[in-house]
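A, B, C, D and E are the chain letters, set down in written order, and residue numbers restart from 1 in every chain.
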Amino acid sequence: MPTIGIADTTFARYNMGRAAIDEIQKNVSVQIKRVTVPGIKDLPVAAKKLIEEEGCDIVMALGMPGAQQKDKMCAHEASQGLIMAQLMTNTHIIEVFVHEDEGKDEKELAFLMDRRTREHALNVIKLLFKPEKLVREAGTGQRQGFEDAGPLRM
Amino acid sequence: MPTIGIADTTFARYNMGRAAIDEIQKNVSVQIKRVTVPGIKDLPVAAKKLIEEEGCDIVMALGMPGAQQKDKMCAHEASQGLIMAQLMTNTHIIEVFVHEDEGKDEKELAFLMDRRTREHALNVIKLLFKPEKLVREAGTGQRQGFEDAGPLRM
Amino acid sequence: MPTIGIADTTFARYNMGRAAIDEIQKNVSVQIKRVTVPGIKDLPVAAKKLIEEEGCDIVMALGMPGAQQKDKMCAHEASQGLIMAQLMTNTHIIEVFVHEDEGKDEKELAFLMDRRTREHALNVIKLLFKPEKLVREAGTGQRQGFEDAGPLRM
Amino acid sequence: MPTIGIADTTFARYNMGRAAIDEIQKNVSVQIKRVTVPGIKDLPVAAKKLIEEEGCDIVMALGMPGAQQKDKMCAHEASQGLIMAQLMTNTHIIEVFVHEDEGKDEKELAFLMDRRTREHALNVIKLLFKPEKLVREAGTGQRQGFEDAGPLRM
Amino acid sequence: MPTIGIADTTFARYNMGRAAIDEIQKNVSVQIKRVTVPGIKDLPVAAKKLIEEEGCDIVMALGMPGAQQKDKMCAHEASQGLIMAQLMTNTHIIEVFVHEDEGKDEKELAFLMDRRTREHALNVIKLLFKPEKLVREAGTGQRQGFEDAGPLRM
């Protein structure tokens, strides 16, 4: 049975890890390993440890960057680290970041954090069990959390 | 027979992977391995896995960064990761990114995504089979998707 | 007995290392290794050496980036290095940076540097001894130094 | 006999590789290995392959970043990659980039591309054969392509 | 006897390497290895080679980034490379950069380049021989070249 790692943060204002686990368990039988770290810059090494020390086959890295300019920089650094962690392990880490200023109010922000997490949980399942499904969706303008953009009209 | 890897995304609004494969198969006999991932930040590890786990001799990484500022940052992170993946494998990964705001409308954007993908597919073939052709084109202002700039007039 | 590394700087205008050690020793019995370097860009290698040469199980990297634009760039470079050091060692390095312009005056800045350092010292203790406590705090909007943002109201 | 690697691009609008080779051959007897790649982001792996697979003792990475903002970002990514390639090989790669907007017209741009390439070719020769000459030029405000700035007047 | 590496540039307009060596030799008996490279982007690999091929125990990387926006980017890339070089060698490289626009005129700039270099030479000596002195200076707002900021007044 494959193992999915879940890494989230105490900084985020919505329990993204719980949403991810709920969505995964609704859909497939897998082993799940979960860790929570303080902030998004702690996610890269947490994800790498889930892969190398806990045997995870894929990881979801869940976070909510703040709305200030310096938070955007943190998100950039975390993303660079998550890409590097993937290259060092040859393992996918699906980054699910919802910026605090993406929602027009707290309710929409929570909705977006829940929905984007769940839609990416489904991507994780496809990467793990049905990668050919993703090939069939190539170039179709999929979005997570918002409406899909769809393929270009020509 | 050499193997060309193709990695594209479900985020893109045009099937760049199909265009690449079509162009390659029109021109040469090679083995092709294709994967599709959710977004451009998933491309670096996908390309590295194609090289190290699927034996690809070269990879095309195809994506369409969105038009917002944060999408530009994603493209930057993906590009850094693709360069790092190349350095870790001593293997070329040809990045073909078309920004969503490069076309004046959906039709032009689709045209550009198709044409840039196909022109870079030809570069991949040259790198693999006829690198001396590229030396003959050195400094001639080649562009992919748009008109060539041409050499400087002196 | 686990070992916690503390790396701080002579550039900072508050003795963050002393505050961290004080908070840790109030709460747990651990071995502590402390180094001080000139500036925040010297922290990544200092932290890595604490892990690899001094046997630290986790490190706190404490610094006060200056208020100018070029100081922000230094902070960015230091953060990237700290993330890389973590990935190279599979060990957490908790970055505690307080920007010189975060406080409205010197008194508030000192207060913030002391408080954020101490609150992150408690995170370090949780990561080391009680990681399940962090999971219980997932998505609760924890902040260090300022008031917690709290979970989203829906 | 040492080997100098030359990597340039088809994107550039002046044959920088030819200028480099001409200048080197006027001055020293060395073996030269040349490759041409599509764009500047392909230079890091090309340079690393010249070092590790073709036995080059030093490499010149020659390119002309475009004038748009996104081209500046490509140049940044290429530069980061070239520095990383050097660190991975303990070998100098001399980057010679001339931005398309550095010349006031095409003629000046071509002049600059030729001259900067040739002046850096001389630096490569010094690094390889006479590093003590560079020590004698330390702090003298050398520039490649433009007039030297010279040492500060006190 | 420990070995200190000195890497500086021909681009700089003041002989920073000579100032560093003079200050070091006034204070301690060490072996010194000096190299000069064209620009600051050549410093990371030069410093790494000093450590790995010349046996240096610590390195000073001395440079003067130019005043234009693109020079700032070069400084950023060089700094990232210097941090990476440190992480790859577990050895400190003290970066001493003086931006060309930091002085109000050439005289002040030269003064600043000399003074910052010398003050960091003293940091290098402390790191090598008396690291406990740096711990005693933790949080005291040390600056190199300008007046110290001093500890915060509470």
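Everything that follows uses one rule, which is that a residue touches a chain if its C-beta (ideal position, glycine included) is under 8 Å from a C-beta of that chain, and two chains touch if they have at least 3 such contacts.
The structure displayed is predicted, hence computed values, not measured ones.
*Asks:* Just to be sure I understand the contacts, which chains border both chain C and chain B?
*Replies:* Common contact partners of chain B and chain C, which must touch each of the two, are A.
*Asks:* Between chain C and chain A, is it the same set of residue numbers doing the touching on each side, over half shared, or a different set?
*Replies:* Homomeric contact, different residues on each side for the most part.
*Asks:* What rotation angle superposes the Cα atoms of chain B onto chain E, in degrees to the nearest 5?
*Replies:* Rounded to the nearest 5 degrees, it is 145.
*Asks:* Taking each chain's centre as the mean position of its Cα atoms, how many Å separate chain A from chain B?
*Replies:* 25
*Asks:* Roughly how many whole angstrom separate the Cα centroids of chain C and chain D?
*Replies:* Measuring from centre to centre gives 40 Å for this pair.
*Asks:* Which residues of chain A are in contact with two or more other chains?
*Replies:* 80, 84
*Asks:* Select the category (line, ring, star, complete, other) that matches the graph of chains linked by touching.
*Replies:* ring
*Asks:* Record each chain of the ring in the order reached, setting off from chain B and passing chain D first.
*Replies:* Result for the ring walk from chain B toward chain D: B, D, E, C, A.
*Asks:* Taking the complex as given, what residues does chain E use to touch chain C?
*Replies:* Residues 72, 76, 79-80, 82-84, 86-87, 90-95, 99, 120, 123, 127, 131, 134-135, 137-144, 149-154 of chain E touch chain C in their complex.
*Asks:* Spell out the residues on chain D that touch chain B in their complex, using ranges where they run on.
*Replies:* Residues in contact with chain B: 8-18, 34-38, 41-42, 44-46, 48-49, 52-53, 70, 73-74, 77-78, 80-81, 84-85, 88, 106-107, 109-110, 113.
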